[in-house]
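Below: the structure, in structure tokens.
Letters A, B, C, D, E and F mark the chains in the order given here, with residues in each chain numbered from 1 onward.
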Amino acid sequence: MRALLLRDLRLAFRAGGGFGLGLAFFLLVAVLVPLGVGPEPATLAKIAPGILWVGALLACLLSLDRIFALDFEDGSLDLLATSPIPLEGVVAVKAFAHWLVTGLPLTLVAPVLGVLLNLPGPGYLWLVASLAAGTPALSVIGAFGAALTVGIKRGGLLLSLLVLPLYVPTLIFGAEVVKRGAAGAEVSVPLLLLAGITAGALALLPFAAAAAIRVNLR
Amino acid sequence: MSLWEYANPKKFMQLSAGVLPWVGGLTAVCLIVGLVWGFFLTPDDFRQGSTVKIIFLHVPSAMMAINAWVMMLVASLIWLIRRHHVSALAAKAAAPVGLTFTAIALVTGALWGQPMWGTWWAWDPRLTAFLILALFYLGYIALWQAVEDPDTAADLTAVLCMVGSVFAVLSRYAVKFWNQGLHQDSTILKVGEKDPIAPAFYVPLVVCIAGFVLLFVLLVLMRTRTEIRARRLSALLARERLA
Amino acid sequence: MELVVDKLAVARGGVTLLEGVSFALAPGRALILRGPNGVGKTTLLRTLAGLQPAVAGRVSAPPESLTYAAHADGLKAVLTVEENLGFWAAIHGVGGVGDAMARMNLLDLRDRRAANLSAGQKRRLGLARLLVTGRPIWVLDEPTVSLDVASVALFAGVVRGHLAQGGMALIATHIDLGLDEAAVLDLAPFKARVTVGSGGFDEAFA
Amino acid sequence: MMPDLGRYAVAVLSSYGATLALLAALLALTVWRGRRVKRQLAEVEARQARAPTEGER
Amino acid sequence: MRALLLRDLRLAFRAGGGFGLGLAFFLLVAVLVPLGVGPEPATLAKIAPGILWVGALLACLLSLDRIFALDFEDGSLDLLATSPIPLEGVVAVKAFAHWLVTGLPLTLVAPVLGVLLNLPGPGYLWLVASLAAGTPALSVIGAFGAALTVGIKRGGLLLSLLVLPLYVPTLIFGAEVVKRGAAGAEVSVPLLLLAGITAGALALLPFAAAAAIRVNLR
Amino acid sequence: MELVVDKLAVARGGVTLLEGVSFALAPGRALILRGPNGVGKTTLLRTLAGLQPAVAGRVSAPPESLTYAAHADGLKAVLTVEENLGFWAAIHGVGGVGDAMARMNLLDLRDRRAANLSAGQKRRLGLARLLVTGRPIWVLDEPTVSLDVASVALFAGVVRGHLAQGGMALIATHIDLGLDEAAVLDLAPFKARVTVGSGGFDEAFA
């Protein structure tokens, strides 16, 4: 398992850097939205929590699309399926690797982008907290979607279509945490719900994803 | 005789061929009676004016949009557990029907919203949940179409349907949490409580609901029969090519 | 420790390709599968490897005793030769990367990225993977594609060494490997006759 | 005959119109594809009954 | 050339439908943003032009990512490069096919999404006009980015990173047209600039893209 | 109409692999290139096809007279056999799709999607493409990989037919094609000695 994790991380760093790029996309969304929407600080402050979460979600999504597809195309997935590691473990490790190269850096850099979008002061802490609690769910749900579409060429957009509705609860609770935090209100309910989603997704989806991969390989 | 025997395609084709005319006739009767009654013979509401007439389309289609997904979930579970092909194909056949009902609920709701709320669309929780449901239907149908092998497609879509159901319920609670909303609560199941629907609307509404349920059954039966035939057709063509 | 295949039938795309395939492979033996293009060799090997379900019949092999080398090599273009092998060795919890490279004549290329190998060098690397799985039963699908004559002989030697240690090999190939001691099974006679979804759902009603 | 819909005529009529159009489209699609598949299947079955493929009984 | 166009369209329709999916992603963005930002109609009306344009841009971007990559991987691009068609023509045709399956349907469906985001009445016409004028530029610029990254595995994110800055002028002028249109103001200046960008991109970028492909092939 | 290669040197990844390769190919003739894995056959053929620049030397061939069949086949998995061939025929403005399928024994598979072909069937389809390019000079990189014996013979027949019509073929292969009339060129003697960036920028400041 550790070998798989290390390999995936190494591939992410070597192949044009899955690492920097998730971040870069997040940054670009945070830059593009003010360009499109216009510069008034009040409007931006209002939409900042939502946009930051949507940006994080899209950054995850984009990098997700080939989480299994590359391994499928070059035959590695066949070999992994016949290896001593259970396929559920493979899914979990790959989702974790994806989180390490996308979710984690996103979380760490989000406060900087909060400045760009004029996020009100108390929101920063909750922005980081909600991303830390929510991005693992994004990775796992995404891994499930990637497993469903692994045999399909040009599956990228189909994957988005399948995964985005699954992201809705995470997005709502995540953005709600930030919004309430920025307004100085009580955040514990949405934060707990967010953590609950993450825990549930982590516990269950690797099994569903492994089942989908088995179906796709045959 | 066990219920599962109807999962045998031959039995299913025989049975459904016998049932179809009856279902078709009953559907036509219920829909015509319900809609004519609703459109021509109901009074205007004191607050909503003639727009109440939309309820006879909106509520039945909204109910069936949800029920169709539930039916797909059950069929998917049967397929995953007992591997009866007919149920997988029935789930496939139901999805476009469910999507159409969802679309009807959305369109009629929007047309209703314009006079009542002054806007076509509001981010009300129930409306939002329906939009998300439409997305689930779209994804489900797209996945069926994208996968070539029918059994593989059946397995994948069944898994998607199960996971999707969980997330659809989650989304429902999430959007409620996120916005209190304009849309009225469900009253249809609260007959006998205070402030029920007036009987003048209630009776034709029930007839319409029955009509939509029957229409759903009718369409799913017809489409399932077609799916079974299509499956057999492709098998025979494959054999011909090999021979 | 034996691989026994009993009246196996395999299908692809809902079409049964082969029927009634039976054979047994004892330690130290190799079996070469022959048959024209499209007869179902790849499908049979994938079924044996457990990647797809059999239509009928039985495969019995000890659990986790089998390793499969497909048409595709499962190499990562951005990893070096040594890293690619090291990964599979770690996955299987076995060492011997250096030894495997030496035996498949890859030592000169150890720090080269897989993207920068020629077709035959890639194939050699793909085959070297077998040596780091530690699995006794090798299931190989046209292993010598793109290999030059010297490399084919090298690989035949590697297979012989594996057999000598009590391993087994099942090889689908169109090329003569020079493994004269191996038995040969021609798959053409097992071609399925009633080929489509026989008895299954697809034809269940008439 | 026609009920007086007042100022909401557009909303009500277009609701009924849109619903009936959507349902009619779905039904037409269902029937059309059903007929086509049925016809094709009958053709293929007739063809195969005339020339039973090798290996059938 | 016609054969290439037909093939690309056929591939888009067959492979899980490049067609419906660009649309679907656009729809998803229009749905996700209110979920993140919150439901107040006034806020939504204010950000609608910007968000719709950002959504169109991202939908293009996602579907773009493998415009040449698939042909590169399976060797078709080598064969096309040695075929009688000039590589510039190949690029132009592929960009056009991409626009037909993404930009065009996006333009047509945008008014519906305008309703979701509560776009003010006069904006609809200008939304369609600006997308019609701007999306061809998105496709051509994207084709150039795809040509630059064609040899790179997992090039998807790198591509986004390269292309997004190039999209900025299109985005700014496009959103500006809609914003002014929605406010009932004069739109001709940004609309002309937008058309100018499209014309310039169409005239020049196919050559740059063809050069990039030649370099990547060798 | 002749292919003339004069003192050609080719490089990959900045490393000169072959030097001083010279030969000429007249209409109706075939030349088989041999050489161990990694000697630079693929690199040489790509250079001839114009996909990469030569380090030194000259290739002269009439414009647009050459077609290249690489390790990868350039097939689209979701298109059928006939659609795949039809596309390349249209690109080259030539007909003869039916004839090409007949000659490569693909008529039975014409409506099958390329994804559902076996390795050998895919390769046959990839080779059938040559027939619809209408180009006289075929440059082939290991064309018979994955083909069974019958298909190799079939393909040799197709090449012979092409030569008989005044075509030319340049074939890199490790397998004997049974084309006895073809000349053979062994590339091993042309292996470059001073291998890195000879004379170019890389050594300009050595």
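General observations
By our rule, a residue touches a chain if its C-beta (ideal position, glycine included) is under 8 Å from a C-beta of that chain, and two chains touch if they have at least 3 such contacts.
The shown structure was predicted, so the numbers you read here are calculated from the model rather than taken from an experiment.
With steps allowed only between chains in touch, the distance from chain A over to chain C comes to 1. Of the two chain pairs examined here, E-F and B-E, the one linked by more C-beta pairs in contact is E-F.
When every chain is reduced to the mean of its CA atoms, the largest separation from chain B belongs to F. Counting the residue numbers used at the interface between chain C and chain F, over half appear in both copies, so the two copies meet with largely the same residues. Averaging C-alpha coordinates per chain places the centre of chain B 48 Å away from that of chain C. If you average the CA atoms of chain C and of chain F, the two centres end up 28 Å from each other. Centre-to-centre separation between chain D and chain E, using Cα means, comes to 36 Å.
Between chain B and chain D the centroid-to-centroid distance comes to 17 Å (mean Cα coordinates, whole Å).
Listed for chain E are residues 11, 15-17, 21, 24, 28, 35, 38, 73, 153, each touching two or more other chains.
Looking at chain D, residues 54-55 sit in touch with two or more other chains.
Contact with two or more other chains is made by residues 132, 135, 138, 142, 146, 175, 178, 232, 236, 239 of chain B. Against chain C, in their complex, chain A makes its touches with residues 2-4, 7, 10-11, 14-15, 73-76, 78-85, 217-218. By the touch criterion given at the top, residues 148, 241 of chain B touch chain F in their complex.
Contacts from chain B toward chain D in the complex involve residues 35, 39-40, 44, 49-51, 53-54, 57-58, 61, 96-97, 100, 103-104, 107-108, 111-112, 114-115, 215, 219, 222-223, 225-226, 229-230, 232-233, 236-237, 239-240, 243.
Of all residues in chain F, those touching chain B in their complex are 108, 111-113, 115. Within the complex formed with chain C, the chain B residues making contact are 8-10, 13, 85, 149-151, 228, 231-232, 234-236, 238-239, 242.
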